[in-house]
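All chains are identified by letter, namely A, B, C, D and E, in their written order; residue positions are counted from 1 within each chain.
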């Protein structure tokens, strides 16, 4: 879908949670400066990175995202003085636990993008899309729900879910 | 992901280093309760507490039909029922959790607590679920407990039978106490594979393999929420897992719902969990929940220099921050 | 069942060029809950807004989604239109399909798909929006102006004339700022003191202005309309009420050698001093770092040293025991007008800047900067207006003025143009030629930037009437050779190297914000650029506001600026403040958090994370009055809507209006439709 | 400035070099500071900032044929003081390289002779064999009489070794020249007669009188 | 810390005295170093002006040899060689494509980053030992009161982000070495002006023009000698000074910084190869010795009275 990818290439779906005061405005600046970037990212605005709950990220993956971006104000620049400091601690722990349970950290980008860093936002978007495209679709997550298979059998075997033949 | 911090080689002092060191230096940390009253054995203290009316009920352990079980003694005569031995693995602090209305109904509690249990009490104090003057704490010196309570006779601890939680315990003589009973005990034996080693093993495995391991484990979770009910620090009236509008966590027990439930439970305990191991012990499906808690405890320790201890004055890292918190993972 | 209207804007062809707006409207028309969908060329135009209003009434819409530009641009416009049509404004949201979509993608299909997803996400959110009423909060109709230069004075006067109290805080002993140091000002060459002093006195005597000089802002809490500012009134060691400014103490002070900051280090002053004759207030200050008595105290010497100023003071106004005082001021708006400082070419440089080794790092005598030249030319200066060079007092026969020292020099860390140097360089050349008729004024320049009213004519006068020699080319090196300064340059118009023996060199050094501006900006939680200049809310449309509501900016602290612009900007900022104070109560976005007291267990983690202290513990009592439970409770007036409390609340018992869990969940849920 | 290596043909290398210098010179805003500080500017017809101007506007015919390119001392004063970071020294280096690759002949004879002789000696002996270098320079520059007076002083002071040093790794050095695409024939056709004001050799000043340095051997 | 010594072609030829002086002083200061075996020319004044690759490859070969011979630091007394070694290392670090091609060009693997010294920063590092030796000398300090102009030239300090040595406009390291040697450095204006470098024989009149300005400025500021740290500068200010001095003017001796240190710590002019200089240093040495003698006798007389 994005300009440079050729037709059959996997186009990752990236959900971005960005803070209204810095990164959202930075993305606006990227727009006014006509900085072209990949179109795989869907932005969800929050007042502050402090508002972003790890459940948002888990739900984004559950709803089909292949990658997630979380971005907000640089430390000391937060409009609410400390929201990004709390977010930094929260995501430090979430990221380690997610990696521990097998979610590739490459699927998550955490960044500070200020209102004047339109170019940095473009780079964050393009780099994340490229990285997640390399990782491929996050199918493992989508297959966690035991959808009835062709025969209508309601409980697929775990091996089926995990895409492995039975031992 | 940060490389696994190998605690196995950690000298005992180190783990007690951060919060413990302060303890030796300042014995007067507990002015309100004064020096623990060495009236000898558990029964003596229990009888004294009930007789003096310092508490309406003494929560301890007693012989049950199969092994030991929690006991609620309300009259001085019944104190003989109280026992303490290697089978007393339960964390009785869970009965101080305000959600347990039926225990609260028994009146002012006195509770017999091992070192790990004392940490849980400190957690409840930190989050204003309990005030220090509402409870009498009878500390017991502990040399480690078995992982299984349902034995007719107390067995000696062997590397195979000792509870994994006891290895390198930094609180074998609890400090947050009004009374302290029991003789000093030797260090518990080292289990064949410590929790840290199991965590390290998993961390060395490639991402996909870790994913498969956990999906397989979580697929066995039946969402009975025993882990939540047994945990002294799961204090919410209505858990987020029970919230249906919006339903952040799928109520159905398929692997996707179980993954978000277990992730959320572990994250809500990050920096609060005292690693008493009850959740893992209570889980009917045998999920290795301690690995999740241990992994987060390591991260909290490395990143925020905090180890859950039984000193309620030391603030938990949740809801706190430092200007120089590490941000190597942020662009 | 929600009845939502979706309005897709072409924005001329800004969106239409890369997004198929009709397709977006068509697709959204079929989305569950959407009762009306259409696209139009200019949604924000009057006909556009009329479309929305009519649709709301005709189709009884319960929500509106305008897929157009960034909410930062027109959210207010469309919410006002919606409320005029009877719809609660908070049921109207914008989907950003311009800055975040059409402007940054070329592929039409990809852009259209993204626009559809973005619009759908906001439609799902609006389904869960709740109608909200704006919060009315009281406004403390007092203003704080930080910085007593011409910008600060002008802002304070305008606000005070508007009938509101102003607290004017100035860190130096007197107001006046750098303008007080100037001899004459361009383009009219009228004497700086003559036009400035009346304003200073007016500010001093204005009943509505509370002047706090020798003071600095230490902490700012609260929010628009309700700031609590802590100001540190540094100890003057002189009782301002008793002192009548007679100056006997100044004469009695034995220490005459302290370099005077006002004279830019060329003149000296006593330890107890008044910066300049027309200082306002005319109350001296004891500079404790250079006063013998206080130096002794600092060394721990018990014996009382000196104290001559106290002896000389007939009114007994000197009070050595005076200590700093922390004063709290309640204000509704803040104007930052802290002004500028000149870049120094020395070796020691703040992070990111480099000194001028090729110009001698400021160690060559008689190489001075613009403010020092102003002091030499000023009648109240160290040389009483006679242009004598600092080293030996000789009248320089050849003076070289060097433009762009630091400015337009990315390698030294300042790529920007400082805007005012071309003008004051021409002025300096004229002043010099007026005072030394046979003197030679040589100016090394790259371009003369004189774009103000009467400005270019002013620089031409310097050339045509006052014989200023303009040589086009940057100076490569300055070095002292015997009694002269060798200026090594190249005249790029005459194509020849040039070497001038100058008696004195004046460097037009770059304009930089005041030291400490970054800490002040962080105290006000206002953003700043890499040099420390305060960031305006929008470079074109909101130049005097900052991204923190209630905090305005004026003068050179925002960017290099001359006096006319600074005064105009100060009046603009004052107008903004007066606009803010013109309403009885401030209307505030109802984006505040509220606690669900049934599920809250009172762990009060939310209280620990709230940066504004908006959370208190609240006791739930039964009929007999004994406490059943304690829960958290949020004061809607203080809460600023950051949402951190909701994120840390384990049981999700807190809901932040406009960003509730249901709304966030629905936005994420909407992305499941992503093909 | 990336540049050619053996593999790439010379004309491609020239095109790439000129393209790179042109884009690098675009940063220059003609402030003249490089020319102001250049020690050789008084002898140049095309001072550094003019070279930057012509390069930025792609007028390479004039730039590559300018003597001034070769009067540069590579003393880096211009790049050190350039406010925009254009690095004129590196651009002039690259322009000279393009001129050599392009086989340009407008090079002052003495300077062409110097570089050619210098590189020949290094290619032949691995080090600068000074005696051989002076001889070859004299022949190529036809400035036979220059410094003749100094020759005896040099020998007497033992500063002129008769024989070159035998370098073990001479093969490697020659391979380096070859792989860098530097040919012995480079600058061969170059070298015009010294311009009128270009005095060429030393003003005949020889040793200040034999007697003065009688002293120690 | 093993130090490799890269002499450079001029130190083996027209500037032999600089090597003699350098080796004598380093021996006296007990600085252990080993000459790089089979080093080759760094292409100083002619390689980089006509080919960037050659200008980097020739010095890089010597860096590779030094590294292969176990050194992690290199000293190149000649400022031109020092500049070329530093530039080669800097370019290889900055330009990935060049670094990738270099092993193929050299026939050696890419040299690791070495710490490259010039003679001034090496001596400055040993200043305390110099002061020790000067103090330990029995006879009176020879250089007391000698006014010296410290001349850096261009290649030591520029381009500064490559050499990283001292300040590009107002360096001071050589002054500290001169003071350590007991002489007194003079404040003057031509410390970093270029002396004409490689044009010594190909465009001598430019060298004479530039050199005249430098010597005149040194003399005007009271210098009795000019201290240099580069054989090219020395040739231009020593051999060419005859053409620069007007009638009746006394030429100003051009001494290597190592000569000053050598004399101060008691090495003889012979060991330092002073006889090889064109501008005779004899008169200066004689007057210094006489002065030293006078002060010694005065001090002795004063002591005995």
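List of remarks:
In the analysis below, a residue touches a chain if its C-beta (ideal position, glycine included) is under 8 Å from a C-beta of that chain, and two chains touch if they have at least 3 such contacts.
Nothing here was measured: the structure is a model prediction, and the numbers come from that model.
The minimum number of touch steps separating subunit A from subunit E is 2.
Touching subunit B and subunit E together: C. The interface carrying the most C-beta pairs in contact is the one between chains D-E. When every chain is represented by the mean of its C-alpha atoms, the one lying closest to the mean of all protein C-alpha atoms is C. Taking the mean of the C-alpha atoms as each chain's centre, subunit A and subunit C sit 35 Å apart.
For this pair, subunit C with subunit E, the centres built from the Cα atoms lie 53 Å apart.
In whole angstrom, the spacing between the mean C-alpha positions of subunit D and subunit E is 23. Annotation for subunit A: residues 59, 76, 82, 86 touch two or more other chains. Of all residues in subunit B, those that touch two or more other chains are 240, 248, 319-320.
Residue positions of subunit E with contacts to 2 or more other chains are 168. Chain pairs that touch one another are A-B, A-C, B-C, C-D, C-E, D-E. Here subunit E touches subunit D in the complex through residues 9-10, 12-17, 38, 40-41, 43, 45-55, 57-58, 61, 65, 95, 97-98, 101, 104-108, 154-155, 158-160, 168, 193-194, 196-199, 201-206, 208, 210, 239-240, 242-243, 251, 269-270, 275-276, 278, 280, 282, going by the rule given at the top.
Across the complex, subunit D is touched by residues 358, 404, 408-412, 446, 472-477, 488-492, 495, 497-498 of subunit C.
For subunit D in complex with subunit C, the touching residues are 29-37, 41-42, 47, 49-50, 77, 81-85.
Every residue of subunit C that touches subunit B in the complex is listed here, in rising order: 598-606, 608-609, 617, 630, 648, 650-652, 661-662, 665-666, 669. Contacts from subunit E toward subunit C in the complex involve residues 167-170, 189, 217, 220.
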